[in-house]
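Note that the chains take the letters A, B, C and D in the order they are written out, and that residue 1 is the start of every chain.
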Amino acid sequence: MSDLYNKLFEDVRFREGLKACLNCGTCTAICPAAEFYDYQPRRILDILQTKDDSQIEELLKSNTIWYCGECMSCVTRCPRGNAPGLLIQALRSLSQELGYFTESEKGRQQLAIKRTIGKWILEYGYCLFPSEIMPDMHPEQGPIWEWEHKNIEAVMNRLGANYKGTGPGILRKIPDEALDEIYRIFEVTGGISRFEKIEEFSRKKAMEMGMSMEDETNQDYMKFIYTADSGDHTRKHEN
Amino acid sequence: MKSFGYKISEDRQIDFDANDREVTGFINAVEPSIRLCMGCGSCTATCSAGHFTDFNIRRVHTFMQRGEIHQLKKEIMKCMLCGKCQLVCPRGVNLRNLILSIHTALEKSGI
Amino acid sequence: MSKKAIVIGGGTAGMETASQLARLGIEVDLIEKQSRLGGHLNSWDRLFPNRRDSKEVLEYLEQGLSDGISLHLNAEIEDIHKNEDGFSVAFRDGKALHSDALVIATGYEVFDARKKEEYGYGIYDNVITSVELEEFFRNNKQKNLFEGIKSRRVGIVHCVGSRDEKSGNLYCSKLCCVTGVKQAIEIKELMPDAEIFCLYMDLRMFDRHFEEMYYEAQEKWGIQFIRGRLSEAAENTDHTILIKLEDTLTGLPLKMRVDLLILLVGFVPSPETRRLAKMLGLKEGDDRFLCPADEHTITNSTMIPGVFLAGTVKGPAGIASTITDARATALQVANYLK
Amino acid sequence: MKIEGKQRIWMDYQKEIADDHFFYVRSCVRQNFFPGSEKTFLRILQSELQKDIYENPSHTTCSGIGYHTDIVPFETSMTMVARQFALMTEAGYENLATSCITSFGLYSEVLETWHHFPETEEKTREFLRRATGREFKKPNNVSHASDIIFKFRKEIAEKGKYRLVNKLTGQPLRIVEHIGCHYSKMFPSKGVGGAEYPYVLIGMIEEWGGEVIDYPERRHCCGFGFRQYLVRANRGFSVSCSKKKFESMEPYKPDMILTNCPGCPMFLDRWQYTISEMEGKTYGENGQGIPVLTYEELSGLVLGYNPWDLGLQVHQVPIEPLLDKIGIPCDPEMKFRGADGQDLGEPESPSYMKFYSEKS
């Protein structure tokens, strides 16, 4: 019996990404995440090839699966046609389906992403919108962004955008009918259900941790997951 | 310097050219048998310390050869010098002397 | 009337098959498209595992070529026809030959390392193949390779074009490992202060005295082995090569500067082997090498009566086993022609 | 280095790029951070090359950032992509031109998935029908906008006012090219020049007179890593990746960095500022950083467009040193002004990375 493995196998990305690993390490060698985190894509394949549910469950609850940046550099190099990056995507999907993501510091961050990128997709029709990118949340954007953000309409206008306007163009207002369509797409295909699961499991976790996350004004948990860093992600160890 | 709430980290890669391999050179000279390791892992499989800690003597050997000296200090304290590793090594590597030589080398270089 | 055989390919397998057939009293036409015999033997300097001069083996093979063998050099085959009384082979220059049996001994060529794009062969100055290193040795020009280099660190890359879906070759070329170890020792003999690293996944030291060579490389020469496949090579400002791989025994990515990177290129069937196979309707395996009638028992004949295989047309093989195989082929041909 | 070796590889990866009649899909990141680039791309195609390129106001994100942060399921993203195809089909177009590299990668991934797992295409068609009532045809050609500029690089050079040459020394500008990971790392055959030595930006640089720098960390990701930048706790990873690239390219003294992904130029620009503030370290000449440009911005410069129309004022690393080298005039007075010339004030000066006006 290997329930989790079978669940993973339902994901086409998993079937596409896992052929047979020969442990050569070409993926880990050039993986940006392996350079900065305690992470080896090779180990992911090693574990998955065991089809051992207890090891897979541990993986789904760990920080490990959240280190990858999905740059897919590993895909170019694998001599066996495996795609560790795709496997990570399948693992992350399952981890969210089962609520295991809240068991790790890096996994818990999914709520922060859902409440920004996820929200913006449905609200603006794009993953980002400049008025939402707050300089105090993004100090690395520098003084130039502060200036731009302060003068957003004038700057976007100067650069030829159709800022919040009708018709085509940069940063236009997406027509409501189009936003309705993408909402329905999210509903029909499981996108909304994914969002709800992220909320629901996070709420449980927040309660367990004694933190609030009831609404958008009361966001102790959000702040916590957005900034928490145990500092335990980068050490060199284990094989 | 400004704080942004996160740090720029050094990468975890073994940077072979940046590593100081003086200790490596010393140990290879005093215990030439360590060159013969073929990475089979028999030593680690039988290791008494490895059963109770995350000590991995095969990896200690590899770290030593790569000049990853800072990895060694904490690790070698876990070895109990029981010598079982040496009994099973198919290449006759003197692993006890590897550990002892690392001790000596680290002391010598003041690490 | 004595029976005739045509042996196509004048390398190790073809030469030995021809000479054995002649000894069995069969008239042989030995066809070689190049201007001299010997094939790949002409490219090697010293042979593993005992590092004897390859010229000695070539001399041995040449001595076997007796009067019963008609040699055709620079002979390019245009077409082959099978008819009731055997095979007609037409050449580009208009000549034609006829025989009762045909031996395909057109062998292999080495993998084109340029296809392994991320290793930078043909782009970065200090990336060469194992075959080129042999040429340096053979022409006694190896010193040129290291001119002006102080520290002399060499990386030897295993499995280039072998065990690699991206290169189209899933199989192991099996002789690269021992070649790498041999060349590592030879470089070390030449430059005792050189640091040499073999980058491998597993060392397939399958034949007699191979494993001992590996032992000697470690014990006597201090060659170092890093278990991990090279992932990419790049050029530094000083034209040294920066290599990246995972040191899989520590589980960490590793980077290292080397002065010279040697790629151990594997076997692929030669274009001539594939062309003739197509012409005759011979079966190719998944690996594009030719299939004998049976992989275990009928290893020298094909499904087409009168067509035989010898040597590396059937897959990677060393010199000793190629010679043994050629003799077996000769015997099968002789039995067929009885 | 033997350039012939690379040329041989480039010959092996000649992808097909449509010639005209494009259905344009915008980029989330480029609209936010480089709006001038999208504007310039359309200007070049329409005014300089007289091409037909159409934008439907109802098109949206492909959801790529959501997909690669794993909050959006694959089925959802496939259907989002299918909706874009439907809008394209309805408008009578067959050639898709994407502004974003991750979109380009996602379109390719979805098409490949449908090819290898036909049941997923059927399922997607059903999803789209249920959600929107729309039907679609798959595109004949999917090109990234940089492919299209690459295709017309000669025409741009012919119309160009400037060459990528240092006016004072007469030497070609030394340029680092950085390719977005999702351009061809997943599907090498989908990128001009393949995955290991992509030619798409090199072709532009060569054609316009510059010299390309190959440096050891050329293939390294900029470090965006989606969730790795988007959550503050992970940003150290992101900046560390970029730093690795800067350290590797620094000895080659590049005059600028050219990019084809919308995200990379933003990160390579902003992280130079961040590193300078965190460690006091600046790259490039005179403590002014290495200017990072999009291919649209660079083509605009070659064509003699006003740098402030291109949006070069919204870069944190000052680009004036580069303009000086090429000999492109710019009016510093107009740099931080609005469309009607209104004064919008000036951004604060960074602590270490010098503004142009502060050059020593």
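We take it that a residue touches a chain if its C-beta (ideal position, glycine included) is under 8 Å from a C-beta of that chain, and two chains touch if they have at least 3 such contacts.
Owing to the predicted nature of the structure, the values given are computational and were not obtained by experimental measurement.
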Pair exhibiting more inter-chain C-beta contacts, B-D or A-C: A-C
Distance from subunit D to subunit C - Cα centre to Cα centre, in angstrom: 46
Computed distance of Cα centres, subunit C from subunit A, in Å: 49
Cα-centroid distance, subunit A relative to subunit D, in whole angstrom: 22
Residue list for subunit D, restricted to those that touch at least two other chains: 195-196, 219, 232-237, 239-240, 244, 274
Subunit A, residues touching no fewer than two other chains: 30, 34-37, 76, 140, 227, 229, 236, 238-239
For subunit C, residues that touch 2 or more chains besides their own: 118, 227, 232, 247, 249-250, 252-254
Chain-level touch network, classified as line, ring, star, complete or other: complete
Contact set on subunit D toward subunit B in their complex: 232-237, 239-240, 243-244, 274-275, 277-280, 351
Subunit C-facing residues of subunit A, complex: 22-31, 34-35, 40, 42-43, 76-81, 236, 238-239
Of all residues in subunit A, those that touch subunit B in their complex: 34-38, 139-140, 227, 229, 234-239
Of all residues in subunit B, those that touch subunit A in their complex: 2, 4-6, 9, 11-13, 54, 56, 59, 68, 71
Interface residues, subunit C side, partner subunit D - complex: 114, 117-118, 120-125, 232, 234-237, 239, 242
